[in-house]
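Questions regarding the structure given below will be posed in turn.
The first chain written gets the first letter, and so on, giving A, B, C and D; residue counts start at 1 in each chain.
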Amino acid sequence: MLTELKREAYEANLALPRHGLINLTFGNASALDRARGIFAIKPSGVEYAALRAAQMVLVDLEGRVVEGRLRPSSDTATHRRLFLAFPEVGGVVHTHSTHATAFAQAGRSIPIFGTTHADYFAGDIPVTRKLTTGEIRGEYEWETGNVIVERFAAGNLDPLDFPAVLVNRHAPFTWGPTVARAVEVAVAVECIAQMALASLQLHPALRSIEPALLAKHFKRKHGPGAYYGQDSARRKS
Amino acid sequence: MLTELKREAYEANLALPRHGLINLTFGNASALDRARGIFAIKPSGVEYAALRAAQMVLVDLEGRVVEGRLRPSSDTATHRRLFLAFPEVGGVVHTHSTHATAFAQAGRSIPIFGTTHADYFAGDIPVTRKLTTGEIRGEYEWETGNVIVERFAAGNLDPLDFPAVLVNRHAPFTWGPTVARAVEVAVAVECIAQMALASLQLHPALRSIEPALLAKHFKRKHGPGAYYGQDSARRKS
Amino acid sequence: MLTELKREAYEANLALPRHGLINLTFGNASALDRARGIFAIKPSGVEYAALRAAQMVLVDLEGRVVEGRLRPSSDTATHRRLFLAFPEVGGVVHTHSTHATAFAQAGRSIPIFGTTHADYFAGDIPVTRKLTTGEIRGEYEWETGNVIVERFAAGNLDPLDFPAVLVNRHAPFTWGPTVARAVEVAVAVECIAQMALASLQLHPALRSIEPALLAKHFKRKHGPGAYYGQDSARRKS
Amino acid sequence: MLTELKREAYEANLALPRHGLINLTFGNASALDRARGIFAIKPSGVEYAALRAAQMVLVDLEGRVVEGRLRPSSDTATHRRLFLAFPEVGGVVHTHSTHATAFAQAGRSIPIFGTTHADYFAGDIPVTRKLTTGEIRGEYEWETGNVIVERFAAGNLDPLDFPAVLVNRHAPFTWGPTVARAVEVAVAVECIAQMALASLQLHPALRSIEPALLAKHFKRKHGPGAYYGQDSARRKS
């Protein structure tokens, strides 16, 4: 069932260690078939070297396992929360990539210091508030999704203009119209975080880029005026 | 004799340079058969590229070489001290991985700044005191084991809740129920150390994570309530 | 048409991710046939793994696509501006390599701290001023070339003595008599930037090297007195 | 002529990029046949990928090319100066490895902060004084050797107890009884430098290790009491 969806999720999961974003089993990727309300996600704790496409677990948007003999990722409820809140999102990726996680642990958003960042984000990469003790002791992974959704609502942020978040004390989540795009954003977020740390070391009081440059670069790649790539419109389609 | 134990130790030793934890011959791994009181350990100073499973040296818990034509690792007495003190440990790994060693050289424990760390440790990764001149000039490697054991006794730390230590001025040792798990922890310790250094660069006064978050993540993976992976109980079995 | 030129540009583009200078599609390389006034450049947004030599787009120095079914790199106008302003340049490379981009984002030139740097540059690697809002909203990529040209005119810098620039808030561009040389300089710039950041961390008030040492190293490799390599004169031919 | 010596030098040169110590052509290795007073060294400016063992250039200790169609490394006179001054040295390696070069550029010796360092050096890795303008304009590469020799004479340092130096504003040179050992030391120096920088970031006022620990680790691997490896005496033979 949904062989193609499982393959898409599988390929995305394998791409994470290949891009150096994941050590051991610190991460997961999922792909959603929104029409059916079912997503394919990595089984929990299985090593990437041993993973097979057929092992992807199918889960519906109510959180029920639809197919699969293995237990789904322990972060499944966070993915599900994001799919429910963000109707244009078709794939979610979670990593503990080194520099992005360092910002998350420090509780700092990643300031937008250059055009690399502006090619992917319409501003700083946001960080959530910390979870409360009650949220941690309750439905922890679902509540992790909730603080992300709360952060986007409070900042009035469009999830496709800001396709990533840092969960405070934890690590990044990224997303996109497809899971392949969410993987691409995860690679970009780690690059951006490493450059931002080095820029801060060179200039501790560095300020964000000017709004005109931000708008220019972001719109080169996104929206009706995009002119980057061979079919720029696909970026948001 | 004990071909499977030697293979287990051999595979663990080979995994260390593959994970980027070791340059040259800076490290070693050992696997214990506790029923027989014998462990297999890397021969001293042999390059990883040239290593063969049959070259693993078998040593008993009194420190006598039981089998093997090569001299065992110069750190053998440290491994032996840990096997004697920590009855649930079946494998020990020693590396000089870059960022973990930087903390050890600086004489600092690694503060628990995020969930990556909490997935493996029930708190900060401890650092030992420095060895005295007498300990250094005496049975140095045995005394290195002793300061580790002393640190765990003084802090009332369970070695499976804190499966690594930084030896002051030296480098990390890690362990686990199996040597494969000790390798996994060695990978995690290096990741955690690199993230912690970067987090401190972003926020020099950063404090440890809240107890509830620590407990949640550690218990997701360890103990009776664990729900990470396909067979969570194995982690401590 | 111009199969060899397209192959040269293609090989240069492939070298960028191989040297770790580029993630995703963050960069591009072009090769010029100055006699014909035509250059070959990477098509926009095509992944390196899928790139083929025949896909290189041929563009003339007036900016017209001469051959090619794909849209050329969105940075084409910057390349073209440099070819027009710098008559000895036959190849241009643009990357977002991590440490060089960190200097660009911080708006800092890279000070010349050692002989590695002096082997390639006759002084600091310059940084441009920021673009004005008008320049950003106008012909952005052409204006990016203009601020580079302005910086070289203002500093009276010879583009072959200073074969790279950091565009403020953006990233490095490098060049040379051939695109292969521009790739080599891009590798050197990233090395130099990483070393300079680490040198500043060790000695925040570090000053540039002495003029005699700069002259010695630069002239070992460049100009009539060069004695490095097997045919030193080629470096500037 | 001296096919084995050329192969030894060739293998050492190839090992440098494989260990990540060299980008482009920033480095060279040489092997000496002291009985004949001839050493084999890399030809100048040849890329590692294209290098062949037969291209190694044979040079005698008076600096005359004895065999070889290519020009020897531009650093040949530095190698020759070291072979003449240090009678127990049989191989010399020069790299611009990132972190060791950062210390050299900053004009700082590398303090001995831990046992990794003490396994290879009997103290800090020394840095030379800067060359004078006269030395730079004169026989530059020979004078580079001279400031190294001067540093060792002034500090009364045994070159086998301190098998590396940082040339101020330039980069490291390493050596050993064989060129293979000089390569191993070059790998160690880069590791040690990276760890030392990170240790200083964690503890800016960090002091060197205690003399007893230094003596213990250095003597584990060197001299009559060595007990590391399978044939510890070879290290200094």
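Everything that follows uses one rule, which is that contacts are C-beta pairs under 8 Å (C-beta built on N, C-alpha and C of every residue); 3 or more make two chains touch, one makes a residue touch a chain.
Worth saying up front: this structure is predicted, and the values here are computed from it rather than measured.
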Query: From subunit A, how many touching-chain steps at minimum until you land on subunit D?
result: 2
Message: Spelling it out: a chain qualifies if it touches subunit C and also touches subunit D; which chains qualify?
response: none
- line: By Cα centroid distance, the chain farthest from subunit D is A
- request: Specify, for the interface formed by the sequence copies subunit A and subunit B, whether it is same or different in terms of residue numbers shared by both sides, with half as the dividing line.
  value: different
Query: Upon optimal superposition of subunit B on subunit D over Cα atoms, what rotation angle is obtained, reported to the nearest 5 degrees?
result: 90
Task: Provide the C-alpha centroid distance between subunit A and subunit C, rounded to the nearest whole angstrom.
output: 32
Message: As a quick test, compute the distance in whole Å between the mean CA positions of subunit B and subunit C.
response: 46
Message: Two or more other chains touching the same residue: where does that happen in subunit D?
response: 201
Query: Drawing the touching chains as a network, do you get a line, a ring, a star, a complete graph or other?
result: ring
Task: Could you list each pair of chains that touch one another?
output: A-B, A-C, B-D, C-D
Message: Show me the residue ranges of subunit C that touch subunit A in the complex, using the header's touch definition.
response: 23-24, 26, 43-46, 70-71, 74, 96, 98-99, 101-108, 130-131, 133, 136-137, 140, 169-171, 197, 200-201
Statement: Given the complex, residues on subunit C that touch subunit D span 19, 113-116, 119, 184, 187-188, 191, 194-196, 198-199, 201-203, 206, 209-210, 212-213, 216, 220, 227-230, 232
